[in-house]
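One structure, as structure tokens, below. Some questions next.
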Amino acid sequence: MNTNTQNEAIQKSGKFSLGQKPILQFALLNFILLFVAVLPHLGIMRFSTMSIFAYTSIYTVVALGMNILLGFSGLISLGTAGFIGAGALGMGVFLQMGLPYGLAALLVLLIAGSLGALIGLFSLKVESIYLAIATLFIGEILRQVYTSVPIFGGEFISIGAIKLFGVIELNQIFQSHRSILYALIILVQFLVMVLMYNLVKSRTGRALMAMSRSEHAAQAMGINILKYRLTAFITATLYATGGGILYASYFQNAPTRAWTLNISLLIIAMVVVGGFKSIIGTFLGAVIIYGIPNLFLKDLLGDISYVFSGVLIILVILFYPRGFVFVGEDLRRLLRRGLKAGKREAK
Amino acid sequence: NGTGEGGAAQGVTDSTVLVGNAAATSGALAAVGVPFNQGIEAYFSMVNQAGGVAGRTIEWVHYDDEFDGAQGLTYSQRLVEDDQIFAFVGHFGTPTVAATQEYLDTVGIPRVYYATGLRALFDLKAEGGARASFPVQPIYDAEGEVMVARAVADFGAQKIGVIYPNADDGKGLLAGIELRAGSLGVDIVASQVAPDANDMSSAAQTILSEDVDVVLVAANQVPAEVAIKALAAAGNQAPVITSYVNAAPTFVEGVQEALNSFDVYANAWLQVVDNDGNPTEALQEFESQVGEIDPALAGNPYAQAGWIAAAVFVQGLERVGNAPLTWENYIAAMEEAPVSIPLGGSVNFADGRRVGTQAMSLLKASYDDGPVWTVDQPLEPITEILD
Amino acid sequence: MNENKAILSIDSLTMTFGGLKAVDDLNFSMNSGEIVGLIGPNGAGKTTVFNCVTQFYKEYSGNITIHGDDGPVDLQTVPVTKVIKHGIVRTFQNLDLVPDLSIIDNVLIGAHVSFKTGIISHILKTGKARAEEAEYRQKALGILEFLGIHTLRDALAGGQPYGILKKIEIARALMADPKLMILDEPAAGLNDRETDELDRLIYRIRDEFHTSILLIEHDMGLVMNICDRVCAINFGKFLAMGTPDDIKNDPSVQEAYLGQEDQA
Amino acid sequence: MAALGIALIWKTSRTTNFAQGSIGTLNAYVAGILLMSFGWNIWVVAAVSMVSAFLTGVLIDTFIIRPAAKVSPISKQIITLGLIMVIVGLIPLLFGVDPYRLPSFIPSSSVTLAGATLRYNTIFVIAVSLSLMGFLFWFIKNTRWGLAIRVTAASESTAKLMGVPTRTVTMISWASAAMMGTLAALIVAPQSSVNPNMLLDVQVSAFFAGVLGGFSTFAGPVAGSFIIAFARNFTAFYISDIWGNVIVYSLILVFLYFKPYGLFGKKIVKKV
Amino acid sequence: MKPLLSVENLSVSYGAIQALRSVNLEVPRGKIVAILGANGGGKTTLLKKISGLVPAVQGTVTFKDQDITGISAEAIAQAGIVQAPEGRQIFGELTVKENLQIGAFTVKDAKQREQNLQRVYRYFPVLEERSSQIAQTLSGGEQQMLAIGRALMASPEILILDEPSLGLAPLIVRDIFAIIQEIRENGTTVLIVEQNAMQTLKIADFAYVLQVGSMVKSGTAQTLREDPELIEAYLGT
């Protein structure tokens, strides 16, 4: 072959940017995040800052589901907010009915999962912008149901302390409980990251990508488009609903009016800004979209922080069209260049 | 947490007292949150310039919660735990107030004035930490009752139409309306609308087809305006009464075309003109103070609300005077006698009574050279209107 | 190898688009182990025939039968995604790969239906799932080696030269252990030397993977070199079928497709 | 109207412009401030705000959409989301927090037609949208520049190879979309008021109208708009306002399932 | 005489991959110039650069004595350099006729456009038959004809063809080569990339060979046709 030199170059540059040992990366990231639970007790960080981290991770879980759709399957949903709402309000309703936490979560996931399957069915018929808007319909319908059906309480359902395994009671109004809740969220985030990685690196991940990038070849290779659309949508709704359950567990309150299109768009923004198909990138996306404005911008800029959040989204997309996760590559390159320069100087 | 024994509470030093709130000051609800906070700041700076209260100046901190309850809770916790404020002044918005109620009750920190009519604030006999809660604005249920009482007493209505959005405000008002209508034995024709609808013509037609004597527009701001426009388009002629929230000049401007077909009234818990139609002293003071920030704020009802929130809080401070500034003492001071509301009547917190202001007037909208609300019925205690 | 056993037979196949008869009452069959070429002018309906065989088009009339291990099967009763289970795989005239997957992962897509472990065991990465994944990865690597592109295995498919992309498509098809491989213009875009290489490759595929091959090609050099038999069609209709020499000398084929001998 | 603007951007960039409503709102504020500070006639104000809408569109195209040429369509949508945040955030800073009022184009008089009262303003609105729709439809379908717009949407780089000045094409379409959004805002404003959220509901409806009618045609979104408006009023009147929406949306979903490309949309055949 | 188009010292990279290394090329007016070479040699990249679709790392492209290295693709097309690109890139959702019409976007004169259309229909009658068919549903070869026809619609000064014979039946391939000659007779300069080397060298005036991004041979078509090394290395037997 006369293209060998180029091939090597391709091999180097074309590598999936998850790094060599992604699972280790996830472990490391979540381990560091776990420390956030401790810092406030040492007086190094405010508890409310930990809460911001908690919501960032909750949104990460939701956005990971969106990445399965958007990044791997080339599908889109504008109804995500409806499903986060389903998780939160569903927990509210079931917990108020006195169901144990685990059962309530299971039921909520089951219901939302079947709704996701319904969308999957739909997606076989409807494509591109029509699909996007069909999901927007579903989001809108859910939103209207939440605000009009009396069992959702009109404005909100107050959940209060949650009971795990019937014994451990966690009430977010106590700081130490908040830390435990936060740690649990990080744990779930870690699990979700690992499971997602395994999923997309398997036959299913390949099938999802083939389905969206080369539908005909996929069919010829025996990939059943319906089955994988269902898989994609069910997974995404389960993640979104799971995020909603975490939200309800941490916030211990389930508002009915919060689940607007805007939330769904922000979730998509997390994926886009962070990086399609990248798990770490999705987390970075959530940090940029939710974390940074709440951690820094608001304190620094006050009321115009909202404008800057918008500017931030636009800038990151302009400079990192493939996702902010590629900042890692840039940093590494800079570092290498710096090292080289340093060596040269040393000589 | 909270109160140090005998000594001062958190947020209190010899020369300062720190208070704050979390409010929506960005995004769509900035239109409410920004002037509201400016009203608060205007009052505090007036007090501070006059040397503060009992030797302490008032410091003020606020966070933007984007009208999101989760952020509202996070920032409220920051205010309590990290910034260690003495009290919330002007706790803002249904989502945040709803999400923080349990937490703040547990902490027992004083909250003076809620910028919402959230029904859950209504409490005839508050105890424990809930006693630190001091709602000032009317609560929707109570105002709903007033609406019906007015319709019957002042307009002799037998059959009353109601347009209400499917939200806490609409539902609260409706609950009050139904309660009072039941006891007065009048008929109600209620039509529900979506709070964000741009077109309420079908609701308007439903009401009109029933031939009602008075229409109650049980809604806030934009939906109320949309509803009144829809009523005009549908050919309504019956008088309309709407919520106190709408008793602002800009609202009249919005519905001015409708005034050709029927009269529009609004409840008001504030009285900014005296019986001769001249601006009250309280109003002049308010206008001159906020005018320093932005002259446009003078007619802004949200700025007025913020102003009131700060004023009510300061009255409590003044009552504590030189006694140790603790939560206990503050709560006792607030309960000890009715607190007067600048631009309005007064509010009585005695014996754990937490029901908001108890006096309302009736205003009538007109538009000649500009938008005006004129006093149709003076400020009366709710109990008297209801009789 | 049972040379004369039919593997695919097409009986009075007709496929219309609106008013256009893209395939018109076509009959031919091929035997197991055979390399058969399908030729004809542009728009003759060749790709359409492939699409009917692989069930991308289902509204055809006539019969397409695959003679597999368990007797003849009417392909029309088989959903498009199950065609591969009857040993038929294809490549595409306009390449159809996943650009943002590595080459080896693209090839692994060809093993999609072979996996026995399910989604749950993949998510949990059970030992079985791991072993199976490794097994197919090994197999894919073998095929890439066979095609001489194994050094590229971890490169992304997108941005590779045309010739490499064609080989990836072939590798993906081979992953499924096909009994019948259907190639749509495998030599298009290759230069003469690369086409020579392809000649030999196709033979080796037939012999080492024990498969029959049906191909469409406009490169007459390739067709005449490697095909056991050639079927020519025009305007969707059967024109002639026979050995390459028969076809080369068939006047109707010359007129419709090849042009006069002296210019060829 | 809003539906048309979205359809136009969809045609030219394969991007759905979530900021359509916000751009319209922004320029409605411009109209509002002109009206308040100078007391100009509503027609003049409308004309000026259309010019400012045009400029907004051009600015957005040059500073945001153009540099993002290499960005995937979904990312472009997210850019428009960022735009919403910028615009909604800027409005209070630029125009203060008070809502503005805009009068109707034609004062409130009405005509009774077959039992239903129609205000002249409504008739005017319908007439304007229909003629604009007709013109656009004709333009895109039958002119050289219309073809250029469609080609740019399909593949910008190939369009360039054909000598199509794609920059101008996208700029003009963003500008006209901004104008349509603004027109929608000016039409809606008298019904409610000029506030940052005024077009939220309208915009969602516009999307719905688009799918119902079919995005690939220009008649579709308009027909869709009228059908949805009618169906909502109908169910709202006979059932309830809240459930009305839910029912209408669900019905449309069912409809879409059977006619995935909308009333007028055609299925695009893909060749293997 | 100065060449109509010339490329000097041109290098192009895709990220880490260098696709062209200091390439030189001259295209004289009224001639057919062929670029040959193995897969991945950089032929398409060179054509893309000439059309302004990729940025250069170094070097210049000169057309009619003007530096067009940094000019936008549409300006280059308007100046008269038009390409039938690799992979056809027809507008699949438009009809055949609309595809042809957009090809003539730069032609201001309606009469001229009509003339060009008739000429394309004469070359490829099947396109006239299918003028209202959605381009996506054409057969592979028909799409190829459409791509070539679309480029011809622009009355280009330089016509660039990237593997025009790809997927075409032998008879049509012969037609294409005849058409290319006819186009040259009419005064259009042609720059062509082809795998079909021998046939191309028969009609070309000059030829270049690209290997792994570098120009390794160039000369008149005549000399290259007889170069044994070339026959051995790139053209096969």
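Per-chain numbering from 1; labels A, B, C, D and E assigned in written order.
The rule is short, and it goes like this: contacts are C-beta pairs under 8 Å (C-beta built on N, C-alpha and C of every residue); 3 or more make two chains touch, one makes a residue touch a chain.
Here's who's who by UniProt: A = Branched-chain amino acid transport system permease protein LivM; C = Branched-chain amino acid transport ATP-binding protein LivG; E = Branched-chain amino acid transport ATP-binding protein LivF.
If you're wondering where the values come from, they're calculated on a predicted model, not measured in any experiment.
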item	value
Centroid-based (C-alpha) most distant chain relative to chain D	C
Chain located farthest away, centre of chain A as origin (C-alpha)	E
Separation of chain A from chain D, taking each centre as the mean of its C-alpha atoms, in whole Å	31
Centroid distance [mean C-alpha coordinates] between chain C and chain B, Å	75
Gap in Å, rounded to a whole number, between the CA centres of chain D and chain B	37
Chain D-chain E separation of Cα centroids, rounded to whole Å	42
Junction residues of chain E, two or more chains touched	17, 38-40, 137-138
Overlap residues in chain B, where contacts from two or more other chains coincide	26-27, 30, 34, 166, 194
Per-residue multi-chain contacts in chain C, two or more chains	47, 56, 92, 159-161, 164
Residues of chain B defined as touching chain A within the complex	25-27, 30, 34, 63-64, 66, 68-71, 73-75, 77-78, 81-82, 94-95, 98-99, 101-103, 106-107, 118, 166-168, 171, 194-195
Chain C to chain E touching residues, read off their complex	17, 40-44, 46-47, 93-94, 159-164, 185, 188-196, 218, 220, 256-259, 263-264
Of chain A, residues touching chain D in the complex	70, 76, 122, 125-127, 129-130, 132-134, 136-138, 140-141, 144-145, 147-148, 216, 261, 265-266, 268-269, 272-273, 303-304, 306-307, 309-314, 317-318, 321
For the chain E and chain D complex, residues of the former touching the latter	51-53, 72-74, 77-78, 82-83, 85, 89, 91-94, 98, 101-103, 105-106, 134, 136-138, 150, 154
Of chain E, residues touching chain C in the complex	14, 17, 36, 38-40, 87, 126, 137-142, 144-145, 163, 166-174, 195-198, 234-237
